[in-house]
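Both complexes shown next keep chain A, but they swap its partner, so chain B is in the first and chain C is in the second.
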Partner chain A sequence: MAPNGKLKLALYWAASCGGCEIAIVELREKILIVDQVADILFWPVAIDAKYKDVEAMPDKHIDVCLFNGAIRTSENEHLAHLLRQKSKVLVAFGSCAHEGCIPGLGNLFDRQSIFERVYLEAPSVDNPQKILPQTTTQVPEGEIHIPKFYNTVKTLGQVEDVDYFLPGCPPQPHQIWAVIEAILAGNLPPKGSVVGANEKTVCDECKHKREEKRIKKFYRIHEIIPDTTQCLFDQGIICAGPATRGGCGALCPQVNMPCRGCYGPAPHQIDQGAALLSAVSSVVDADTEEEAARIVGEIADPIGTFYRFSLPSSLLHRVRLNEGGKVA
Partner chain B sequence: MKKVSIDPITRLEGHGKIDIFLNEEGDVANAYFVVPELRGFEKFAEGRRVEEMTDITPRICGVCPEAHHMASTKACDAVFHVDPPPTAKKLRELFYSAFYVADHTVHFYILGAPDFVLGPDAPVAERNILGVIHKVGVEIGTKVITSRGKAMDIIGMLGGRKIHPTFGLPGGVSKAITEEERQQIEATAREEIEFGLFSLQLFRDVVLKNKAYVDLILSDGFTMPTYYMGMVDENNKVNFYDGKVRVVDPEGK
Partner chain C sequence: MSDKTFEPHIVGFLCNWCTYTAADTAGVSRMEQPPNVDIIRLMCTGRIEPAFILKAFAEGADGVIVSGCHPPGDCHYNSGNFKTFRRMPLLERLLEQYGIEKGRFHWGWISGAEAPKWAQLTRDFTEQVRGLGPLDWKRQLESKED
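Showing the complex of A and B:
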């Protein structure tokens, strides 16, 4: 705590989209309460403090750091180490820091193929000299630097010691507020806990009616107009609800779209994709092995479906690389 | 040469730094805008189901996910060669218009206003949205928060989620609205018009009536003449969801 009795707070974004920032803005009038009880020392989207200001802080100067974003570059990793050093409590805030999220799908590729697509092959690119990013560039006045782009996306917990994990893409504002209240009350659970979520699955929060699933055919979201009162999974739409931790209030099914799994593995599950795959295979209504193979074989892009948000934190982690660091 | 780095640049979405080189006289010799981030959507979207782009591409930017959601939804229309029914188009346009209100509120009050309401010389620790609220008062601050929030509620009502919405489908949307919801949207829309007029007046009073700010805004360093590009409907009126692209020159012709 600061001498004025206020909580010292920092917020950072690594490889992320800014949605976690807007989720904080979505605290709405409660931001005014945060202003009364906390000093925000660092928050690039909203506050003009710089990296050098963080570097100048004594160790453990920050009471709580809410760190969102995955670790994609050396700068992301440097900030993870720096903010760990400067913070008493480090929270992996949101799906990217918690489990890798959408940027984690980069683990299906390697650095070189990502660079080639982005800087050489994309239809809008005009790069006749075929220049790819270099960490150091000579300019007439001196040198300029950019971070190293890693081959593999990692979660915050894979590069630093994390105190709490707050899931969601982004975390729902009412859940963020519950966590802030717990911090202010000094009422946090044991280190390593998932906070700001429930101990159930998304299905337990979903209003759609569930019956016994018997699936002869899986549908893509545009191939079927579902009954809006019945479970989407029962109707053959792959929904990550049974494998996903609750806490969001089952928002996507409310507009008749399936859960894609952004709140991460359900409690006591290690691998969200494997759990969803297991849920899918248990409902296939096939009389023969051939029929079962046909039904599941029709699922397009299984890895991007089952591991949409959790690939870096899953048992798979990434596609295998050869010794040269290229996809094997 | 001596290098001064502004790292990171703040109050915008995305990562960046500015490296400024100073010559022996201490004047600026050159400045470089450096972008130290890449995630690689262009690559990892490959192999994913096309209709899932509406879920994946919004994560390019969580400050404007609605724009990426709509762009990918319209791209899906084109891929599947489907033209959505008029109702679906209207719901998409309604959704996008609500986003326009919410996003411009964020841009004006949270990202931009600290420079104008507090001034570029204000202490660093005060130069942010909380500093703006301290200056204009909690009453106006609450009005801004409430107006932005009501626009976000419409986004959530139509899109399923207020951040990273999910209702766009090739050829339509996944949810209709009820008459009750329509009335709520209409009431909010009328309030947002009042809020827009209030914001314009605030800008006139706080910025345009302050000679120091006006001189700053109109100075060389802050002025860049550009062409303007936007979409217009068949009556040549601005439309944020669809239409023809119209370009005008720096004089507005």
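Showing the complex of A and C:
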């Protein structure tokens, strides 16, 4: 705490979309309470503090750092190490820092193929000289450097020691507020805990009526108009609810969109995608091997569907690379 | 490790009632089997979570075998093997997307009376995986960014 009794807070975004920052603003009038009880020392999206200001701080100067975003570049990793060094409590805030999230789907590819797609092949790109990002470039004024784009996206917990994990894409404002209140009250659970979420699955919070699941055909969401009272999974829509930690209040199923899994693996699950794959395939209504293979064969893109938010934190972390660091 | 000295490390998840019994019989009957398959006995292949297989690959297995009781009628618990044949085809597709070749994962059925079939599978599968070379997923997990 600062001499004025205020909490010293830092917020950072690494590889993320900015939605986590919006989630904090969504505290609405409570953001004024945050301002009353905390001094915000560093928050690139909202206040003008530089990296050198953080570097100049004594170690453990920041009380709590809410770090959102995955580790995609050397800059992300540098800031992870720096903010760990300067913070008493480091929170992996949101799905990207917690488990990799959408940026983590980059682990289906490698650096080279991502660069080629983004800088050469994308229909809107005009790059006749085929220029790709270089970490070092000579310009008339001297040598300039940009961060290295890593081959593999990592979670915050894979590069630094994390105290708490606050899941969600983005975390729900009422859950963020509950965590802020717990921090202020000094009422935090043991280190390493998932905070701002529940100990049950999304299904536990979902209002839809569940019956025996017997699936003859799986549908993608644009292929069916679902019954709005029945369990979406019962209707053949792949819903990540059974494999996903609750805490969001089952927001997506409430508006008849299937859960996509952003709150991460359900408690005690080591691999969210494997758990969802197991849940999906075991309810297939097939009594022969051929029929089962046909029904599950219609599911589009299993890895992208089951690991939409958690590929970097899965057991295998990414798709296989050959010796040269390329996707085989 | 050069390919000359490469010995595949294979994990076999076998159900207690059928394939484990076959493997046991193959052993006591002195049938020829390579020493590459480490067997994990489970009560039923329907109990195998896909995470078991992913964990085996993540921790160094070059190949994985899942084998249980012939459907429809052999399962000790009536329908455990139904769960298996619903899960495994989807897991196969997932492994392929991960870049793990089809030849590294075998699932099927061997009854307690089919010990020679088990011994043959261990010989054939070991050679198949040897031909594919090391998977070495640990190297990938531990590699640092250059």
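Note that in this section the second predicted complex is superposed on the first by the 328 of 328 C-alpha atoms of A that agree within 3 Å, B and C clash if a C-alpha of one lies under 4 Å from a C-alpha of the other, contacts with A are read in each partner's own complex, and residues count from 1 in each chain.
What we mean here is this: a residue touches a chain if its C-beta (ideal position, glycine included) is under 8 Å from a C-beta of that chain, and two chains touch if they have at least 3 such contacts.
Note that the coordinates shown come from a computational prediction; the quantities given were computed from them, not determined experimentally.
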In the superposed arrangement, does A:5 touch chain B (first), chain C (second), both or neither?
neither
By residue count, is chain A touched more by chain B or by chain C?
B
Report for A:148: first if it touches chain B alone, second if chain C alone, otherwise both or neither.
second
Just to be sure I read the superposition right, which of the two partners does A:26 touch: chain B = first, chain C = second, or both, or neither?
first
Contacts of A:186 with chain B and chain C, given as first, second, both or neither:
neither
Could you look at A:58 and tell me whether it touches chain B, chain C, both or neither (first, second, both, neither)?
neither
Touching A:17, do we find chain B (first), chain C (second), both, or neither?
first
Contact residues common to both interfaces of chain A (with chain B and with chain C):
108, 301
Which stretch or stretches of chain A touch chain B in the complex?
13, 15-23, 25-26, 28-29, 31-32, 35, 40, 43-52, 72-73, 75, 101-103, 105-106, 108-109, 113-114, 117-118, 122, 133, 139-142, 144-147, 149, 169-170, 220-222, 228, 251-252, 254-257, 260, 262, 300-301, 304-305, 308
How about chain C: which of its residues touch chain A in the complex?
49-51, 54-55, 57-58, 71-72, 82-83, 85-87, 89-91, 93-94, 97-100, 137, 140-141, 145-146
Footprint of chain A on chain B - complex, ascending:
1, 3, 6-8, 10-15, 19, 21, 29-30, 32, 34-40, 42-44, 46-49, 51-52, 55-56, 58-63, 65, 76, 80, 106, 110-111, 114, 124-125, 127-130, 133, 138, 141-142, 145-146, 148-149, 152, 156, 158-164, 166-167, 169-171, 174-175
Considering the complex alone, what residue numbers of chain A touch chain C?
74, 108, 148, 150-152, 269-271, 273-275, 277-278, 280-282, 284, 286-287, 289, 292-293, 296-297, 299, 301-303, 306, 314-321, 325, 327-328
